[in-house]
């Protein structure tokens, strides 16, 4: 449920979405990812109107959701190879990414045997496999320890160079990364400003 | 008429044939009537809802009028 | 087409790893033959009765596979992952129907000889080519309609119930075609070619539903 | 919003007049069938009901296709009402059919009649329409899936008849051949009048139901504009679109 939310994210910048569970963060991401169709209102991604022009947008965005979107019975390598084929990406990219997140050694184990942290690393690989220019990141650092956070940094951090929309349980971390902050409360925009102008009290109220 | 029918219907005893034919047409009639009954209950529900809406709108309006009357006093 | 192959490869790999569906279908079919032996109290059967037992067993075994066809996609995010990719959505229909068809073929490769061994009176080998034609055409109908029904049912709350109650009536004409086509083959000294009328009806049914599924499948994937 | 009530009075009167005429023709004009005698009079209600129900199912499929094409909710509601009405007519067909079977063959059900058998299969399929709708909570998805179902099931109707007809020899009384090959002129006239009457009844009831539905929806909308969002009770989970 989203209402009266209207904003623009310039290319290359980062929008942080704050709010409690159920405030509409994931809904916003799923709408941007063309997975949910908005009942009303206007959504433009790369200047293409959704949901009508969804096919023009798919393949240029990467979604990292709560659900890792990986098959539990397939190995890490098999999962990524499947997605690489769907996105018409060479299999060399799969090895490159597995190496980048330090999983080359465990790439042949079925995903169901991997720890939450390793699954999250894999999900990051899946989301950036096709080098998307828009990254939709729902709690990207969940289950990741500091070392792993550093590993995925170049893939989904500001260094990646993509436009990013991210949500986080930790408002301070999100504020540090963002160019623009959207506070959501029950599907409505509570505030929308730059990080240095955010009222700490307003953030606290969001999570109260 | 029915006597005439008996005269020309050789094989089947009319009393049983008539029963079945009547049964079939009664099924048809009953269906239509049941439908009318269902629509009647729905119509009365709609009527009730319109009456309720009328009451609610009246209540809202009288509340607003009461507010307006109090204003100069306040 | 390449996308369909990719998805098909993934589905077969998943089945190979999990072995969740196919063994259950095969076991179900064989147990059902044993049940028919006791239920009918007959050691051997032939003709239309045999064809009926065989095709009904295959139909119900297929229902098991149909119920599970999209479960992994729904529970493990496969739908979302597929929808995020810049690919033609019909590829999923083609891949899933092909996977189901292959499952049915493997099922029949084991269940039909088992049927010949356990229940069927007349010998199977002289009529095998004709039987293969009838079963293959029936499998196409089962695969196409099964995929469509499964895609509808998987998004409902009572998916284990909705699948069969929609699927069975839709598959009835295909069952009639398979049973009546196979019936004349399963008697002693049968001619080896199945009745042309039934082959034609099955083929027509396959064709119409393949086109129909292709036309409506996209609508089942949105959001 | 379309006003479905317009023309409803004329249509109702036409349906009533045609059905009265059909009844009169059936009992006072059409000759007794040579083989079946008086029993054959069931034909004039049973077959028009059956044809109307089947056309209603196909009609529902066409309306469902319109929903898929446009995404406008009104088409789904129309499709729902069309199938809903056709189901009621279908139940009537099955009941009159079994009565006829009992009267002419002494059994309440006969498998040897391909038309009745395939009609049963169609009914079994469409009987799942409501459970399917009820099983999907999201209203938009419910409409979309129900429309897909109606398109597939609508196409299934003629195919199913083809398959079942091929499966069985014709044992049914020859009056059933709808081409009217061996139907005497007076019987054919009666039959056609009855068919038009029942079809008019279907259209009337469809419009009636649509008028009732749209009235209730307008009432809700009115309540919302007059009293605000909170004054409207949330819809209960339902198989019917609204």
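Chains: A, B, C and D, in written order; residue numbering restarts at 1 for each.
As a convention for this text, a contact is a pair of C-beta atoms (placed from the backbone, for glycine too) under 8 Å apart; a residue touches a chain by one contact, two chains touch by 3 or more.
Treat the numbers as computed from the prediction; the structure is a model and nothing was measured.
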Where chain B and chain D overlap in contact partners, by chain label: none
Cα-centroid distance, chain C relative to chain D, in whole angstrom: 32
Whole-Å separation of chain centres (CA-atom averages), chain A against chain D: 50
Geometric centre distance via CA averages, chain C-chain A, whole Å: 40
Chain centre separation in whole Å, for chain C relative to chain B (CA means): 47
Set of chain C residues in contact with two or more other chains: 222-223
Residues of chain B whose C-beta touches two or more other chains: none
Multi-partner residues of chain D (each touching 2 or more other chains): 140
Graph class of chain-chain contacts, one of line, ring, star, complete, other: line
Chain-chain contacts as defined at top: A-C, B-D, C-D
Contact footprint of chain D on chain C as seen in their complex: 148, 152, 155-159, 161-162, 165-166, 168-170, 172-173, 176-177, 180, 197-198, 201, 204-205, 208, 212-213, 215-216, 219-220, 222-223
Complex contact set, residues of chain B against chain D: 1, 5, 8-12, 14, 16-18, 20-21, 23-25, 27-28, 31-32, 35, 39, 42-43, 46, 49-50, 53, 56-57, 60
Contact set on chain A toward chain C in their complex: 33-37, 51, 55, 58-59, 61, 63, 65, 67-74, 78, 82-83, 85-87, 110, 126
Contact set on chain D toward chain B in their complex: 23, 27-28, 32, 35-39, 41-42, 45-46, 49, 88, 91-92, 95-96, 99-100, 102-103, 201, 205, 208, 212, 215-216, 219, 222-223, 226-227, 231
Chain C-facing residues of chain D, complex: 68, 121-122, 124-125, 128, 131-132, 135-137, 140-141, 144-145, 147-149, 151-153, 155-156, 159-160, 162-164, 166-167
